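There are two complexes below, and they share subunit A, which is joined by subunit B in the first and by subunit C in the second.
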Partner chain A sequence: MAVFAKAGIVKAGPAVCLVAALALVSCSAPIGKDQGAAPKVASTPEPANDGSEKRLRVLSEAQYLNTLAHVFGPDVKTEPHFPPAQRYDGLLALGTARAGVSGAQLELYQKAAVTVAGLITNRERRGYLMTCKPASEKAADRACAQQFLAYTGRLLSRKPLPQAELAAFVETASASADKLQDFYAGLAIALEAMLVSPKVIFVAERSESDPQHPGQQRLDAYSLATRLSLFLWNAGPDDAVLKAAESGEILTPKGRARVVNMMLASPRLETGMRAFFDDMFAFDDFSTLAKDPKIYPSFTGVTAQDAREETLRTVIDHLITKNGDYRDLFTTRDTFISPSLAAQYRLPAPPTWTPYEFPEGAPRAGILTQISFLSVHSHPGRSSPTLRGKALREILLCQPVPPPPPNVDFSAVENPNSPIKTARERINIHQKNPACAGCHKIMDPMGLALENFDAIGRYRDTEKGAPIDASGSLDGKAFKDVVGLGQVLHDHPALTSCLVKRAYSYGTGGSAKADDKDKLDYINARFAEQGYKLPDLLRTITLSNAFSRINETPAPAATAASAN
Partner chain B sequence: MKHNSILIAAAAAAAAVLVSGAAHADDLLKDRTIGYVLINKAFATWQSADGKTECPQGFNHGPREQFKELFEGVTNKYAETQLQYEAEIHFPGTGPEPRVFFREAQGKTALGLNLDGKVGPNDFTGPDGEKGIDNQMYRVVGCTENYRGPDGSARHFIESYMQKFNYNRWLFELTNVDSLADDDDVTVTIYRGLDGLTTDAAGNFTSGGTQRVDLNRGKEFIYSMPGKIKDGVLTTAPADITFPESQQRGFPYQSVHAWQARLKLSPEGASGLMAGYLDVERWYHNLPQQWSTHHRSYGAEPLPSQYRAMVRLADGYPDASGKNTAISTAWEVRFAQALIMHPDAPQTIAGKPAKTDIAR
Partner chain C sequence: MGDLDMYGLDRRRVLRGVLNGSAVTVALPLLNCFLNGTGDALASGEPMPVRFGTWFWGCGMSKKIFVPKQTGRGYELTEELEALKAVKDHVNVHTGLTAYRDGNFFCHYTGWVALRTGSAPVVGSQPLAESLDVTIANKIGRTTRFKSLTATATGDVRNVISYENATTPNTPEFSPINFYTRLFGPDFQDPNAPTFTPNPRVMVRKSALSPVMERIKVLNGKVGAEDKARLDQYFTGLRHLEQQFDHQLTKPEPRAACVAPKAQKDEPVPGTDSVLVNTRHKLMTDLMVMAVACDQTRVFNMSMSKSDSNQTKQGYEKPHHTCTHEEPVDEKLGYQPNASWFTKRSIENWAYFVEAFAKVKEGGGTLLDNVLIMANTDVSYARIHSLDEMPAFTAGRAGGKVKTGMHIDGKGGQGTALSYTVMKVMGLDINSWGTKSNQTSKEVGEILA
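Let's look at the complex of A and B:
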């Protein structure tokens, strides 16, 4: 079986071209002058726009597990190992709209479904997870099966099950129960079927005519509820959100605002935003991060895991708990440390996660100086100003950098016995080669500012005995060290516009395109007006027409051929 | 610092390092203080390449071999064989060795410290030529595989228990330190810690971990004593102390008279020797409790013979009758640098000054 997310395939070609075009621009002209600059008008109303496209997405593993946890409780969990999505335009989330599901993948879904169905119906849990008790545990009970499957199916499918589908699941449960002489075994089979049904695994958005704006399309109530929920909670909608969809409240401006505010106030927002920033910061790279144990014996798997956690905790604490300015993430001295990280920071720490503030004047300020960014954007055996600079450009400023030409001679920079001592001297070799210099000029000056930190993020003054010069510049703004880089980054207009672009793309499930500029300008303006606060940004996006309105572009004829 | 009062002092101290940068030389000295945690300890057993210099007749037999030597061919009853041997373990005699194979370590070379400041006829010479080494325990255990390196069973279990359990965490903290290379007046304070040891990617104990001082049940392990650092080597003044001990399962601590240490210091760790006098009866009383027959068999450890040797070789702390009750002992030790957290002001107690008139 092969099912393809149609909308994603249609968009693949133009998206690639867009990336390539931006990349070429980025290496031939100064960056940051035009891209993503916040509009000067602060209180512009949302411009007329045609919204975004309908998506067909595959539920990610985290979304699947979060939904199960919300419906059945956190102890109903499995390790399904669904294949990861491919990253597009800086986000894995966009890959879920381009994914296919092969027969082998379907087996993974089925295995997970078997496990989950078994957990829900086993003796320990059935007493409190079931919404009814069968008349007999050894025979079918259609009424009880119907009640439970209707309740569960609504939450898992993110809308009430049509009567015919519900009847089919009830029939499966009843026939199996009679055959096995076990009500719960029969129910588990129906539940398993439900968990692998396309309505659970796929998110197929639907549109309808917008009565307030004749001629325009909007997401229908359930699709809007699901889009909101996947964006803000990284899970399916709960009962309250579905009720707002059922009543149509979610389609009214006032009703949508109430639902959005309720979702923003929920503890599930933390889960959702952890998922978003984990995706935006490309922290999936931590899954494969390894350092040479001969060179960095203290960097363990626990260190890597904790480094990722440190940054996510900092982000959530700063942006949600404290409702702080996004830009201050790059200058804040507040963080969290664990025993494993404390050993790298050379700090004492109690055995649990502890809030910590780096002292004033310390070279650690902002998430760029946390072990996560420093270690994940380094080589296994040495730091890399180029990788760090590239990551900073691409991840934080949304400025793609093209790959190196295929015939680069790396021998001079990779020679371990080289008389060259510092990274700055090594990188100068690239700067002298015109084929390399174009791109290195836009990556290295920022990366070199982080050279006071080795490949695992430990502080150092010198490299091979030579003092480290961490000065540099970012798009014309000079700084003398990494703290200065953080401040320049803080004030860089592309920093906030990149977050806006990523958040909008993540929320609507597709890449932002050139003709989305007006929408992004509007969101950028609101973001600036509101002091660069994440909850306000999320509110602006989710309440915008750009989020809920649907652009019904007919699919090109090539779609079917691509899918096949 | 606003979040955690426990972190306040240590974090403020750490700031100096963070600002100044790398962990070179004395950089880990924060507020003239550096901490270490024990990661390895073993009886100091000098070993020749093939073991034949100190054990020319081979290594000692364990309980199974001794039992065979004593009772092979004997058809006596259970009480006159097995029970007799078990009783011998718990209530060993002090007469001459029965017909079992047991040999003390031979020669005049041993690792250890000169505990009494004298050079006596029974003293050893260190491998570096230092005279007057007091380590009679070496004669007792030097030819017993349990204690010999690199893989004596006791050594394995000491390390294994350090990894598994925190009760044996032993810390020492140097304060008033001007330099890790030379300082003739530093204070050494020892504590029991509460936390697991930090390991690297290969599972080896490593530096940089945090250790919280145990001020609850660990108060009895807190001692302070003066020390000196010369050419990067710390020596401590003798003190009677009790420290948590990894393999003393009967009593998970060890009491030592006139304990002193000589440790080569670095920002990442400390290693060297510590030594003192172990009370013979007390130590032997622990030993049968902690090692079952199968453990003693792995390491071929003949307990009754060891007891007789300890009584014979005891060289300090005579009782009223003039009989020595303690035996000079030395351990090889390794410590890793650790960041020691004090939940409150350190509640140190002075180490009881060691007796200076140690009879020999």
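Let's look at the complex of A and C:
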């Protein structure tokens, strides 16, 4: 809601005042009471809980493409342009559990399927992607088609295909091959059909009775394998994970721990965590980020792309490669720069992506001071303390800022002959008005601390000739500049509890609710005990009952049907 | 009588015969003319189809220089409407429309969503119901290759103006190249081509969908009601795919106005600069108009900007939306000059959109004669997010059912009355539309012929 960046004054009038007052009640509530509370320090086992809900999710474009790349190799790729999900509670991933698939969208799936099937069955690839050869290339070969379709069907639908379903695809391949007098063309038609089939496009979780806990439901083995895989790899499970599901190993505590450790050790974890942080940080905004070329001619599409990449590289390097403390992401001077970014940082351009450490005492420390956050939460032509502050509250601390009241009149800040030069002076006017101050007080101090950086993240000491004051306080903790803000953020309890909340929601596919508090307290406590390390957090979540248990009363019909 | 009938052949029977064998090129007899003698119907005797479209712009207007002083015909164009000069006779200007919030308010969302869905949303970024274009498309869009088409000039796929239902936005085409490929790429069948080559692959592709549809039944038995609705929607999508294959296997009716454009090779770089947006709008509009002329769709949506428009003017630091809130009202002019600059660009693009339909000849008139377009915005006065006195437009004569060239003052009445009217014009058999304060059964009678 970019509108809230522009604060104003609420018009006089009873109805308007009432709405405004209601909006501000939530802004006036003490920050951190619920969302920012320090996690209980405890090493107690997971509290009894009934887990999460079963979901029906639509596979995202990235999950679809990652799965194809894992099954067929990285050069089998397409640009399907599947529509993005809508963001709910801070995550696009939660939108996939609510979205429908429109006719136009299915058309995109079908087009992608034609491209992919064509790539897989073309002359260059068929030799190494298929383990059998047809008796004749000009006719159907059921046995060969069955072998290929059973193999790919299991990986694409994340479960072995039931016999009847496999037989239907084989029949499609055979009938099509006969009609087209081409075995591979027939096989491609069957593969296309498989790629638009509901079992590939939808992730429909199934539950079953938990024999260890009578009366309780748990995800079945394949659903657990897929939930793990989408969470950790942002792709479907591979052969090894499916084998653990097939054997039932994944349902035992020891077996599940083995599978999780295997997945955490895989290079695919990096892909998965890039996707998670890209979603949590709302970096989809980069897809349309552009700056006014007259004001910022040096900021190009490449700069925007590299800015996103810089932060993702920093996150992966710090949290996975170095197994660092999550909080240190907001104070670290380590980063990576590209030729395009070097120009913005006013550094000598490296030939390619290169690790870089900002010197001690530099105003750059932590990912908040990277070009990504600074540019994406600014206007095309100028910085915006309110946009930045709002984004940091919502994205990093999970503290939603309410929308502004209707009929806001901005005349008080619209003096054409204003002597106002800096953003702080502008925003101070908002702060003086009680109708605006409630919400602005929780956004602006963080944003103002970043005012030493313009709309494309370049450092500056002054704005329109006036010195910039980047001091402030965050929830009672004072700081004198942006480096100080990073440290205050580092120590803010909501920083880590927000990551926990997002990771749990992302992993289980649904918003965290009020009755998830005990589960989140437990995960928060473990996170703290283990030094705020991401792999440990992922392990805690994925091995928890909260992750695998399903809170529903078993419906007899559904249980019977899940045998399919 | 169609020409095929004159040869004693039924087109589908011809094609069926062909497709049972291998792929061959079939020379279907060229039709002597596309239309009947009077030019007001297709050769088959069917009347010209009436199509429906929507157009959207963000951040409203400046009342002082937008709202015409006079009503009815012969009104004088105002400063912000000056760009409508060339299309004034094709357009109705509607002002004084109210969108009711019904207790909730989401700044730049509530107003336009109320007019397009009939209900004020109760959460941000999600409507309560499908948008009117979808309701209309479900009525008139079932026979074309695309049930509807939606595009945006913003370059942002997230810029939604149409909802299939509460949780399924119809995401827009945002790239001219992608849009061109979807419309006129390899799957396009030129309705005026002298020969027709049915693709045997398409036939087997269609057959391959049947077992897929069977699979949905397995899933359907295992999910809750909401998810079942999502699967039903997917199933409908499969049916739509099947229909598209049928289209590819059927020689289309000739369309005199259909001239497939040249392949789109370049497109504007990403960005919200007004010049880029205008260029994108022209490219997308030209493609959309030809998609309608070629009868690829009968329902279309185009958006010029986001509701909280983020367009920029080179060298001016405030994007459109920010400008509406922060720019002072010029004491001499009595309005916000830069905010108005953005509105004028929007109206120029609206004029371009209307004229693009008017330039295509169809029958004895133009394509626009057989089209009805409703254009709306999110607020009236963006500076204070006002939902009172909102403006809107209609364009086209809907096959003679609608009168144009007027300014109609809604006098503070429900904005949904306009939406209801266009739905009725498009043949929907409804007695009222919308919920709570936005529920209406009033028509804007002035525009009805």
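Following the convention adopted for this analysis, the second predicted complex is superposed on the first by the 512 of 564 C-alpha atoms of A that agree within 3 Å, B and C clash if a C-alpha of one lies under 4 Å from a C-alpha of the other, contacts with A are read in each partner's own complex, and residues count from 1 in each chain.
Following the convention adopted for this analysis, contacts are C-beta pairs under 8 Å (C-beta built on N, C-alpha and C of every residue); 3 or more make two chains touch, one makes a residue touch a chain.
Values in this document were obtained by computation on a predicted structure and should not be read as measured data.
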Remark   = Of subunit B and subunit C, the partner touching more residues of subunit A is C
Query = Touch check for A:Q86: first (subunit B), second (subunit C), both, or neither?
reply = second
Subunit B versus subunit C as contact partner of A:F276, first or second or both or neither = neither
Ask   = Which partner does A:P293 reach: the first (subunit B), the second (subunit C), both, or neither?
value = both
Ask   = Which partner does A:R460 reach: the first (subunit B), the second (subunit C), both, or neither?
value = first
Request  = Name the contact category of A:L347: first (subunit B only), second (subunit C only), both, or neither.
outcome  = first
Task = Identify the partner contact of A:Y356: answer first if only subunit B is touched, second if only subunit C is, both if each is, neither if none is.
result = first
Message = Applying the document's definition of touch, where does A:N452 land relative to subunit B and subunit C: first, second, both, or neither?
response = first
Message = So in the superposed three-chain picture, is A:P339 touching just subunit B, just subunit C, both, or none of them (first/second/both/neither)?
response = first
Task = Touching subunit B in one complex and subunit C in the other: list those residues of subunit A.
result = 293, 301
Remark   = Per the touch rule, the subunit C residues reaching subunit A in their complex are 22, 101, 105-108, 124-126, 146-148, 150, 154-158, 164-165, 167-171, 175, 178, 182, 200-201, 203-205, 207-209, 211-212, 214-216, 218-219, 221-223, 227, 229-231, 233-234, 236-238, 240-241, 244, 269-273, 308, 310, 312, 314-319, 321-322, 325-331, 383-387
Request  = Could you pull out which subunit A residues touch subunit C in their complex?
outcome  = 1-3, 5-6, 8, 11, 19, 56, 81, 83-84, 86-87, 98-107, 110, 165, 168-169, 171-172, 175-176, 179-181, 185-186, 189-190, 192-193, 196-199, 201-202, 204, 206, 284, 287-290, 292-295, 301, 379-382, 403-411, 413-416, 557-558, 561-562, 564
Note = Touching subunit A in the complex, subunit B uses residues 1-4, 6-7, 10-12, 14-15, 17-23, 28, 195, 198-202, 204, 206-210, 212, 339-341
Remark   = In the complex, subunit A touches subunit B at residues 291, 293, 296-301, 339, 342-351, 354-359, 361-364, 452, 459-462
